[in-house]
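Below are structures written as structure tokens.
Shared chain: chain A. Partners: chain B in the first complex, chain C in the second.
The block that comes next holds the complex of A and B.
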């Protein structure tokens, strides 16, 4: 037996010993999660990024290597560029409202009393509803002719507002529905963060004569900065991937004014063509955008913490 | 050590069961099984047959609605009645596409598939040529309406046997017709009449519109525009050619639609179904599924075929049919043929699965012999949906064998219509614009 084999054996024994130890056996318990993560996240990510260089159909039996052709096609595809524009408009409206609006609402309902608990439940209710039921509900409420709100506004002499079929208005309606749907989760996360702020800070501020607004600006906001960054990053990534609400309410119309990037990707992959390669390319472009924004924000957050 | 091994085994089992659960959670499955164990028997015609070895064939489809229950019942009936020892093992699934693509990729799949004929554009290489079904069974090819057989064929080879004809029809609200002084029993026969009726029915004070065309409903747009300007893609000298630019019929349609909207005779909406069932539309165009909502809402309505336009008589429809996949052996293929034969054959008691399906679910017949039966003639609903001109072509928006139909319906038509409707784009310019998109689509198949 040479020294090389002995070293290998020792290594093997050390690995076995590690996995038998209390620390190492923990990996057995996270094994299912790791498997799921690999199968449903990591492997698809690599497959998708590879597929973006191929012209592939749905059954993957016709796969041709096309190099960067799909990327060239994407940046000359007016519908893809329009979908990016729509996505950015949507994100530019949704993210500030979610990040700052939810913070203000959270400050108002942070104290643990019955009224605030009731409002927290109300705000959180849409979060647990499916996008399908939310889409159908708002379609019924805002339908251009038989909608409840449309009728009510019309009865008040405000005219019949065509919420879902107006090229200038509909993007805002979709954004509103999306904010309404996920506003609760941001607010509840903020509430938790605000409740964890050291009470002595508020007492000191009060002693210095600070009112509620001054306490909020000078004590609450700086204390919950990590939460602020967390919500900013997650909402930004979520908004850039908007799909379900668009799919359920407008389908991207009217005249593609609400067609988000993910909606367009879906249509290339499943509705119109079965262009899995091209759809993967656009997904990769969106992925790079989201990753870049997230990394920049993450660095900024870390810099602030230092 | 023993405990750790047990814990590890349990974790692996847990992981495997989680993964296997993912595949079956969304699956809706209905099974129909029974076995016949006779050694010899008679066919429905009384002919003595030598019984084959018992065989089970897999039959996949996506009929997850209430009609799926009837399908189960009919398949069960075949399983108990057939004298060949054939068992049809049916799997109705809400995710037919996903199951097919993974099964075919693994070299597996059902024997018998029930789907839109458009599936041959996606799974064409997995479908067998079944032109010999008329030689190997008692089915009479001449009894089938030829245009439906053509719809399911390519280069003279048959890939599907028709099962259901899905078309769009014109529905009118009889009460609104009466209120407008129109004959409630007579729908419009021409597009001029349609426009005239729409104008008379529209009443802004009651939020009532005469016409219910819907820009967001691509299939409706396709059925109507075809009446004005013919097929968007045809074969020209062996290659596919898009007929958008300079198509005066298409331009006429979109200008007519815009005028209806501008005049207040047609709502600008992406959902006309709700308005029709709310009694606010005089006329609309849709598939047979609209009747369920109107029946529930108590709407007094009539049905007729879509008026013929400048493009002449046509029977635009989609044909759903039985196909046999490459996963089937010869014996399984023959068994599937016998099931299809049974479906389309009237037995000694006058029962025929195809007729029952047609009358129960409200779809027009594809067999000429069924159209002549008293039961069919006595059903006002299917009679009003039946185009008696059996020689009319059955292509839907494109030549029936053009594989890029989805792109034409979902990409080309909306990008032509919506800029005119919303941005006042010129119809001819919009047509020229979408011609490029359509050319890209046709180029993929030339």
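The block that comes next holds the complex of A and C.
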């Protein structure tokens, strides 16, 4: 009896000692983050994929297995297909501007002098602002009656443009606001990359008689390739998930012409017509699209970097 | 000729940069100035740029229309507690991955890496359900806990810890400090600047967060400034002056944070890929 207790005690002490040791303590250092990521990221992903095969209300009181019905429904749901189209238009405009436009601007402001630092500080300003305030601001600037820009354009003889209620124009307005909001991040990330380019490469190019433009094309662009890929991939994934700016400016209107996929998912999951199963299905389709694009780009990147 | 070309190129680029700068600054300035205008002046056509009818009525109006004080308090709690927990939790993980050898490290690390690829918008529905089933719907914990562990922050801290010399740890161990003591008292202070990056990005991110509070804190008394204001603007009878005032209140603290911590904003976003 006695020896058994001691052995048990020994075991306990040894375990305690192990978790206090340099190696064992690692587990309690990673435990909180692993638990949290598991509960709030990994499990939801699996729940999401399995819930796509169910019909469920918001509180999960009524759950019915429906097989692939939700997927069939999604691909015949014109509002969902339209939301994909809207999302692709957003992405097709925003990504090139962020990836190439920001690169050019970054090259112009990469050198560390007072003027450039000033420009950088300004360009970054929208990044720190909430989507809410940005939405309020642009809604007023482009307001059809009292907007500042509306007035400026009408006094130039362009007439009063109804920026937020035009089935053709509004999507571009929303895209512009979205670019306005996050252009600064891409530019600043490029600036950091450009500043890290080895200065001797520029010296060598100068010796060969290369001007500013030649230096940009032959030295800067190849040197910041990893950053280019990084921005391309993150921007692409980000644009495909556009929500905040749409919610704040148009709410998806007019006539769903600016309703992105995430906006539609949001309204199907958290409104009166709540359907968690169907919302999950659409989320999963979006997930597959984002993953496919990311993996394809990643492989392309690896092939090119080799 | 060559010199002339260079000068004209420089001028052209300066003009382009100035136009973009104006495109950023003019709208923001106009909004800030409009927050102090009488409703009548805001609605006047042609619109004014500078404030002619200086008033603080809009701020009082915001307070009358929505529980702005409560919203601000909620935002402070959300941003403050999330950030405090995030620094501890993500630094701990970053520290272990950077400096410790242990069984299963690869698996744990890859899992963490993989969660970075899961877009929040894709899992927002089930994450809401998890929070709901845990009884945390419309509570501070429901708002905060799911936002604490951030893979990007773990990588940021891991990179910072990896750069420290081994001697530091060994000396502390000889002095008889516990493993927690080594981490908390010796190592963490060494990576102060990365920790500040994390703090600033986390405060900014949660202060501006719109989607998550909207999903999980729908009760009027639980709304944050960002989502409370968004829902206020969404109402039909919109008050422009009050909206401007609210927007300015939402931006002002971040602007102050930016003025003092610009370096950390830029460093943090460039090195961790975290978007606010």
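Throughout what follows, the second predicted complex is superposed on the first by the 276 of 306 C-alpha atoms of A that agree within 3 Å, B and C clash if a C-alpha of one lies under 4 Å from a C-alpha of the other, contacts with A are read in each partner's own complex, and residues count from 1 in each chain.
Assume contacts are C-beta pairs under 8 Å (C-beta built on N, C-alpha and C of every residue); 3 or more make two chains touch, one makes a residue touch a chain.
Since the structure is predicted, the reported quantities are computational estimates derived from the model, not experimental observations.
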item: Contacts of A:25 with chain B and chain C, given as first, second, both or neither; value: both
item: Partner chain in contact with A:112 - chain B first, chain C second, else both or neither; value: neither
item: Chain B versus chain C as contact partner of A:39, first or second or both or neither; value: both
item: First, second, both or neither for A:269, with chain B first and chain C second; value: second
item: Partner chain in contact with A:146 - chain B first, chain C second, else both or neither; value: both
item: Which of chain B and chain C A:127 touches, first, second, both or neither; value: second
item: Touching partner for A:64 - first (chain B), second (chain C), both, neither; value: neither
item: Which superposed partner A:10 touches (first chain B, second chain C, both, neither); value: neither
item: Partner chain in contact with A:292 - chain B first, chain C second, else both or neither; value: neither
item: Winner by number of chain A residues touched, once chain B and chain C are compared; value: C
item: Overlap of chain C and chain B interfaces on chain A (superposed complexes); value: 20, 25, 29, 32, 36, 39, 59-60, 139-140, 145-146, 251
item: Contact set on chain C toward chain A in their complex; value: 6, 9, 13-14, 16-17, 20-21, 23-25, 27-28, 30-31, 34, 42-47, 49, 88-90, 92-93, 95-97, 100-102, 105, 108, 111-112, 115, 117-130, 132-133, 145-146, 148-149, 151, 154, 173, 178-180, 183, 204, 207-208, 210-211, 214-215, 225-227, 229-230, 233-234, 240, 243-244, 246-248, 250-251, 254-255, 257-258, 262, 265-266, 269-270, 273, 275-276
item: Sites on chain A touched by chain C in the complex; value: 20-27, 29-30, 32-34, 36-45, 47-48, 51, 59-60, 105, 108-109, 115, 119, 121-133, 135-141, 145-148, 151, 155, 180, 182, 185, 188-189, 192, 212, 230, 234, 237-238, 241, 243-244, 247-248, 251, 262, 265-266, 269-270, 276, 279-280, 283-284, 286-287, 290-291, 294
item: List of chain B residues in touch with chain A within their complex; value: 1, 4, 7-8, 11-12, 14-15, 18-19, 97, 101, 104-105, 122-123, 125, 207, 215-216, 267-271, 274-275, 278, 280, 404, 406-407, 410-411, 414-415, 418-419, 421-423
item: Residue ranges of chain A touching chain B (in the complex, touch as defined); value: 20, 25, 28-29, 31-32, 35-36, 39, 57-61, 139-140, 143-146, 160, 162, 164-165, 167, 250-251, 253-256, 267, 271-274
